[in-house]
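Per-chain numbering from 1; labels A, B and C assigned in written order.
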Amino acid sequence: MFRKLKETLFIAYVCIFSIIALLPLVHIVFTVFANGIPVIFRGGTEFLTQSLASPGKGLGGIFPAIFGTFLLVFLSSLIGIPIAILAGTFIAEYPTSALSKSVRALLTIMLEFPTILVGLFVMAILVIPMGSFSAIAASLALAIVMLPYVATYTEQALRNVPQHYKEGAYALGLRKARVVFSVSMRIARKGVVTGLLIGVAKVSGETAPLIFTAGNAWRSVGGVFEPVGAIPLWIYYLVQQPYANYHEIAWGSAAVLLTLFLVIFIPLRVLTREVRV
Amino acid sequence: MKVVEELESLKSEILEMHKVAKESVRLCFIAMRGRRDVVKEISKLEEKSDKMEADIHDHCARILIRFHPFARDFRFTMSAIRMSSAYERIVDLAQEIAIYECKFREKIFEAESVLLKMFDLILEGYSDSKKLFELSKLDDLVDKAYIEAMEEIESSFESVDEILAIRHIERIGDILCKIGARLLYAIEGNWVWIK
Amino acid sequence: MNAIETRNLRISYGENEVIRGIDLDIPEKICFAIMGPSGCGKSTLLRAFNRLLELNPTAKVSGEIRFFEKNIYEMSEHELRRQIGMVFQMPNPFPHMSVFENVAYAVKCNRMAKSKKDLSEIVEWALKKSALWDEVKDKLKEKASNLSGGQMQRLCIARALALKPKVLLMDEPTANLDPISAGKIEELIHELKKEYTVVIVTHSPSQASRVADYIAFLYLGNLIEVGKLEEVFENPKNELTEKFLTGRMG
């Protein structure tokens, strides 16, 4: 009888604390959608296609920010993913070399490195010599942020390829490059793609690296060497403005960002559960 | 281990048959001296040995099927099949001898103690396989007794039964040598002839 | 000529000596079984023959290994592995490739087919040789992972045979298969040993008794006994071999 009571209390205790842990997340999602979705509905499709409204005058659109986010994700992937995959493959296939051990240590540091410092670094090496903010600088910063995630997921995925497939490939007289790229990589495909998507999802919401590299673009969509906007950047700046409509636009942008985020992450989680290791 | 248990049990069955065979030979010499009351006992032993042979064959088949034995285990199982048939043959012969109602001359009785000693030698062979080679010397003595008994009969024939009986005695000696050879194979792994 | 010879072969993983000075002669075109209790080094020995041991950075090999009288270190390991095929305990066809591609892939990489037609013929030949053709001829484009365990193992055999090796190494090939599939593979070995030298590692004396012509018994890295199967199994000369065969070891 007493044991039953203890059991019930324990379960209640676990439930209550789980709910408390989930509360902030639920609160954020709820608040953002509660405040942002009405804005989007009021703004209509123009909210997604036009550029920033004048101070105090209506909602306008956040198209430059959306364009910027997509451009930056694309460019940073282009720069970061190949390097990350090669790095991940290298440390997976040559785990004992000194270089490999240093690279792995470096990647671990990069995972925790303050992203604003990444932004500062790129500013120093690219923005200042170029004389202006640019999409390319922002992409480089994002690529650096993305790199350790994609690289470590790639390494894990390759490590998880069962040894007997590799042995079988070598036993057929295949050379190392073939075994790694045509056999291991193809088998590890799902894990590597997961890593890619996680990297992409992460950088699509990053703000700090963009502050010193992207500049901003409120009304235009420029080329690779010109300043560019991004949704998180806009939210950061808009919130600091004194105008009420800008605050509303910020909520709307937040809702758009959260939607994009969930649209990538939820299917991603479902996918990873299906991957057999 | 199960296979060890089974083989131990098989071994005791073989030793039991050995006892039965030895007893039947001992009794058949008594019958030869004129005591007809042992004939019934020998018949019982003959029935028993038939059943024991069948049981041992069956036991060996089961061991082979279940345990797929190798090396010594395999050799012993193979030997057990042949040894049990040999012992059964001995008891058959002993019974036949006992049934013959005729007078026997003394000569053949020299084989009695030799044959009984051969049985004991086989038992000793389980722990010291070299002893089994001595069986051939003893068999020579049995053969000698047979030959001399035959010479006596040739000079003064009395009945066919007597001839048949002493031939069986000689045969028993040969079979005991074969049993020794099978045992030697089981223990040492070599096929030898002991004659 | 012997297919494989070793002289004073020693193998260690770091400080741990696993094979302690073995002299072995494996004749051609027979089935040679290597047996022993777990941990005696049989799989290690097998992997030394096709230099697969080199995948393990801690493995050290000393002594001679000759393949048809040529030192195996005097040729490239890739060339050696084409001539010595290997089948593993866990069937490991490439899961992302079709049945056809599995057999064809190494043939293509080693440039052993003159044309597409030639390649198809080689694949068909190899699948027929491993008694799998009839079961997969309509499924060549299907993923290899859809096959049953026994079929996968025969696919691995076909994949190795497609490279026309002289020796086939098999590391406990039926350990993970049901008795019927295992039986099919044992039947196959009887056919294969007419043309190839089959070296099979097995922990089951019963299996060795069904397929092997010669057996070598290893214990703690030492070669204890070697000889014709019937002789060793009926009357082993060494006490340890006897203990192993009769299951009294350990």
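Observations, loosely collected:
The rule is simple: a residue touches a chain if its C-beta (ideal position, glycine included) is under 8 Å from a C-beta of that chain, and two chains touch if they have at least 3 such contacts.
By chain, UniProt protein names: A = Phosphate transport system permease protein PstA; C = Phosphate ABC transporter ATP-binding protein.
Owing to the predicted nature of the structure, the values given are computational and were not obtained by experimental measurement.
More C-beta pairs touch across one of B-C and A-C than the other; that pair is A-C. Chain C has the Cα centre that lies closest to the mean of all protein Cα atoms in view.
Note: centroid distance chain A to chain B, computed from Cα atoms, is 92 Å.
Note: centroid distance chain B to chain C, computed from Cα atoms, is 51 Å. Centroids of chain A and chain C (each the mean of its C-alpha atoms) stand 48 Å apart. Every residue of chain C that touches chain B in the complex is listed here, in rising order: 205-206, 209, 233-236, 241-242, 245-248. Listing the residues of chain B that touch chain C in their complex gives 1, 3-4, 68-75, 189-190. Against chain C, in their complex, chain A makes its touches with residues 96, 162, 164-175, 178, 182-183, 186-187, 189. By the touch criterion given at the top, residues 50, 52, 55, 57, 78-82, 85-86, 88, 90, 92-96, 105-106, 109-110, 156, 159-160, 163 of chain C touch chain A in their complex.
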